[in-house]
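The following pair of complexes shares a single chain, subunit A, combined with subunit B in the former and subunit C in the latter.
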Partner chain A sequence: MSIDGIIFIIYLSVLLSIGLWFSRKSSASTEQYLLGGRSLGPAVTAMTMQTTAMSGFMFMGAPAMAFKYGWYAVWYAIGDAGGSIINLSVLGKRMRRMSEILGALSPIEYLEKRFESPSVRVVGSIISIVFLFGYVCAQFIAAGKAMSTLTGFTYELSLIIGISVIIIYTVAGGYLAVAYTSFVQGLIMVVGVVGIGILAYFHVGGLTGLNGALKAIDPTYLSIWGKGLAYYGQWGMVLGAILIYSIGYMGLPHVVVRHMSMKSTKTVKGAVMISALWNQFFIFVPYILGLIGIILLPTIADPEMIITELAYTLFPGIFAALLLSAIMSAVMSTADSILMQAGSILSRDVYQRFINKNASQKTMILVSRLCILMGGIVGVVVAIYEPPSVFALVVFAFGTLGNAFLVPYVSSVYYKNANYIGCLCAMIGGATTNIIWTSMALETSTGLHPFLAGLLVSILGMIIGSRFGRKPSAEVQEAFEQSRQKRFFSKEFDRNIARELAPEASNVSKFLTNDNYFTGVDTYERYVSTRN
Partner chain B sequence: MFGFPAETFFWFVPWPFIWVGLATVLYFKLKREDELEDKMEEEKNQNK
Partner chain C sequence: MSAMLVQEIEFTEEEVLHGLQQYEKQTHFHIQDVIYYPYYFFEYQVSAKSLLKFKGKAACTVDALGGRGAMVDVQPTFFERTIETGRVPQLVIAEEEAIGIAKRFIFDNASSKAKFVTMPKITEIQRNLFYRPFWLADFTLENNKQGQLIVDAISGSYHPL
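Coming up: the complex of A and B.
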């Protein structure tokens, strides 16, 4: 194995050690472990939210998109760069308050309690599980490709090693470890991508040099309408490209759960600022590297490998290894959160809610672990036998999740009369429209982006559907009014909310304590009984 | 203008500045709300 491969392996080991170290540190007692969420300030909250949101797509899908479409692809980056600001400011405080009032511990449970129907939970669970696994599968493919380039192993072997690391990390890491390693990963991602960005930028003579070279190849690369003016005048496509990553995050369960586990509502303001700055440094660079790839790597067989190829072409050695470590950071920070979320949904929202209401903690943990393992195996099979492009899979899964859940989550805190029929229509209508639009390639004939089409149908579904069926109960209406008010909890209560609303922490804690992973820890039951 | 066509320049380049500007405005708005909430809570505690 080459020296850069060894550096990469060391990096993975260090990252896993950090995860375990934080788990151990925070597990001196169960209470401390669960209270870990309470200590997450704005910097870590912003980083964990952004690294979870920014997946392997940013290193593979984004440059490939820019390679294909030219500057048009930057429409996606523009929306993405403001996504966290919109997400935090629209949902942040209200959703946190509402979830506390309703006593919801997972994003899907939240929907059931707000819209008062188990059918919402069933439909929500099915949609989220299917597309979260699609989303995580894209991360696996990205991990396999990155590791294959770096180590020289076959794609299949790289995939298995990469996924094994992610699964071990997910099961052993825990919420606090995930959050703190996300912080480290976020820094590595920025340093890695900005570092190569600066070097490549000067290599092609800055923006002027880049644009001059692109113009010489094909002037339409510089157009806002895409190469060959493919989307000329199609504002429906442009608007959809901006909206998918600007407001779409509000429909992703593994991102939305971050609102529910913040230190306090006061964390929002700092997180908005930090994530906004981080976004401007990070998000545009992969797209620009894709454009640089048009000039420096015009014959590349797989455009998703532009960044890795650029790393080896321009900067072989240690720097390339660090950059590829950044790619793995992006993949791991997203994959662990999704797997954990999917495991929580399957065990809590499906198994415990509908199959075995009296399931013991041990059973729940087993189900959760089996679900995560099953997700990993399905991911390996799909990634080996039917590997779609990371770009296509992420846009599809992201868009469908966004179309299914964005309108219900926003309506839950902004539309008082929103009821379960509206929620079901919005979820099913939005997701189905996105699937049909994408699979039948209706965007070319209609000029409407699949996400925009799904969003419009979802909004209509919510408005029309909410006119039928029973109205929200007096309790839910009261909760709605309370969530609109400024803080009504005491400071002390507000600070303590995090421990209740960190389902991932709770899940892992149960697993660790039940398995006596850490000696000398209180059991979860004892913790609950002492609290009560 | 960095070799951009005018249309591309004016549609793309301002966005990072717009987002940071918006985040700054929101930061101070949320900060004011937090301070107001603290003040209300203090007054409430004093009245008890």
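Coming up: the complex of A and C.
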């Protein structure tokens, strides 16, 4: 085994020890609860959130895209960076108001309540699984490549070893261990990526030097239409590239776990701030590194390895290996979290709902773990025999999500008569079109990005579908009207509204209209007497 | 009237008004009342076989009006108080129902977060019905529009009604 491989093993052992040491220390105190996880402090919480979000796409897919297309690739980054802005400003206001009125906490729960049908949640969950699967495959491929560089083994063997090692490592560590190790990993990655970024940036003479050198190689690298003007005049492609992330995020199958802090605490806001700043910064860096790769590594065999190669070129070997180890384990940590999520969605929303309504918790966990195992095996097989590029997979996955969810979200607040049939047609039609368009490569013959094609079908599905089935209830129509009213608070006040209190606010409203002020004391007395 | 288990108010009426006024200078806020919102509190011992043995405590609350679960971060302190001012809503979720909700909630959270390979063993250690204070505030905007919001008296977070 190469020296890099040995560094990787030492790295994992050290991290695992750190994680376990902290876990023991934390669980020794009876004051804090293990699964609440909020007692970790803002820095650890933020880093944990981020290392889970950091994926193989960021380190491999994005630079490869920039290497292939030049500045055109930055359209994707713009959509990615602007995603949250679009969510908040365009759709956000009405949607937020509506979800407050309906008392919904997660995007999928919102759709289920707005369209008044549990089938919306089931179909949404199944589409999310397609996305999760594509995303996991991308992580596997990235992990295999990183591991292969570290150990010198073949890609296939590296893939299997890498996946086994990291799954054992994360399962062994438990939640707290993972939280603390993520913190250390996060730090290594920040130092590493920022270091590579700065060194490489000055190496090519800043932005002016970069553009000058790109122009000398091929002026079309600077074009907004892609290298060789591949997408010249095709606004459909550009629009698709921008929209794909902005909208795709809204369909992510968030499993929102509510937290209630038992002491007055101000740490949580800090965590959100740190990760928001981090996000904006890290979205663009991998793309810029891809552009730098065109100049510094013009003959690289696999453009997905640009960051790795740059690390070995610019840093001493040991640090490069350390950085790669951190990337590799972050990638796998993302993959296994996603698999866990997919497993619980499948067991709860599909197995329990359709196959075995009275499934015990023991059965549920077995089904969930079996789904994970099967997903993992299929993922490995795909990653070995048909490895698509990490970027293509991620774009496909996000595209499917975006096509399924964009139209239902927009219609939920702008189309009063939109009902569950319309929503189901839009979700299924949009996602299916994207899958067909991508797999048959129809964009070359039509000049239409798969995302845009899916969008058109989804709109049609919503309009036609909403003509059938029952109309939205009076309650939903009332919520629709209320959400149209302008919010009157200042921006800052509005931003700080605690969304997780939406269910409480909705219950208090009902309670106040009933006008039964002190009756609760009687029910409390009854409760106490039955317990005694 | 019997004494009830409550959490102590951490953000006083003045502090809440000051906080709200900070962002909304043109709006007039007025604290109307305090609402004691009912929650069930559950504390569990969670143990599971992973590659290493996992043992720890976990706790959650269940909203006694809507039945929604929430994870809890640290051991809460409850006080026995006789509520003389303020409003207390009637319970909507019965204790039996809350027990089921809490168990499912903690189980789902434990199995996805702690990454167990086998079924975790979850044993209840403690269960209580407690009341969390929320300030009920009225507000009048510059254009004389009126509305209400609730402010969590423990965390200071707020939400319009």
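Here is the rule we use: the second predicted complex is superposed on the first by the 295 of 532 C-alpha atoms of A that agree within 3 Å, B and C clash if a C-alpha of one lies under 4 Å from a C-alpha of the other, contacts with A are read in each partner's own complex, and residues count from 1 in each chain.
FYI, contacts are C-beta pairs under 8 Å (C-beta built on N, C-alpha and C of every residue); 3 or more make two chains touch, one makes a residue touch a chain.
Remember, it's a predicted structure, so these values are computed and weren't measured experimentally.
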item: Touching partner for A:78 - first (subunit B), second (subunit C), both, neither; value: first
item: Broader residue contact with subunit A after superposition on the shared chain, subunit B or subunit C; value: C
item: Subunit B versus subunit C as contact partner of A:100, first or second or both or neither; value: second
item: First (subunit B), second (subunit C), both or neither touched by A:208; value: first
item: Partner chain in contact with A:368 - subunit B first, subunit C second, else both or neither; value: second
item: Partner chain in contact with A:451 - subunit B first, subunit C second, else both or neither; value: neither
item: Which superposed partner A:222 touches (first subunit B, second subunit C, both, neither); value: first
item: Partner chain(s) touched by A:344 [first = subunit B, second = subunit C, both, neither]; value: second
item: Overlapping contact positions on subunit A, where the subunit C interface meets the subunit B interface; value: 265, 490
item: Residues on subunit B engaged by subunit A in the complex (per definition of touch); value: 2-5, 7-8, 11-12, 15-16, 18-20, 22-24, 26-27, 30-31, 33-34, 36-37, 40-41
item: In the complex with subunit A, residue positions of subunit C that touch it; value: 1-2, 4, 7, 10-11, 20, 23-24, 27, 35-39, 46, 50-52, 54-59, 61, 63, 65-66, 68-77, 83, 87-92, 95, 104, 106-119, 129, 134, 136, 141, 143, 145, 148-150, 152, 154-161
item: Interfacial residue positions of subunit A with respect to subunit B in the complex; value: 71, 74, 78, 81-82, 85, 89, 206-212, 215, 222-224, 265-266, 268-270, 272-273, 275-277, 279-280, 284, 486-487, 490-491
item: Residues of subunit A defined as touching subunit C within the complex; value: 20, 27, 30-39, 100, 103, 168, 170-172, 174-175, 178, 255, 257-265, 336, 340-341, 344, 348, 361-362, 365, 368-369, 488-490, 492-493, 496-509, 511-512, 516-525, 527-528, 530
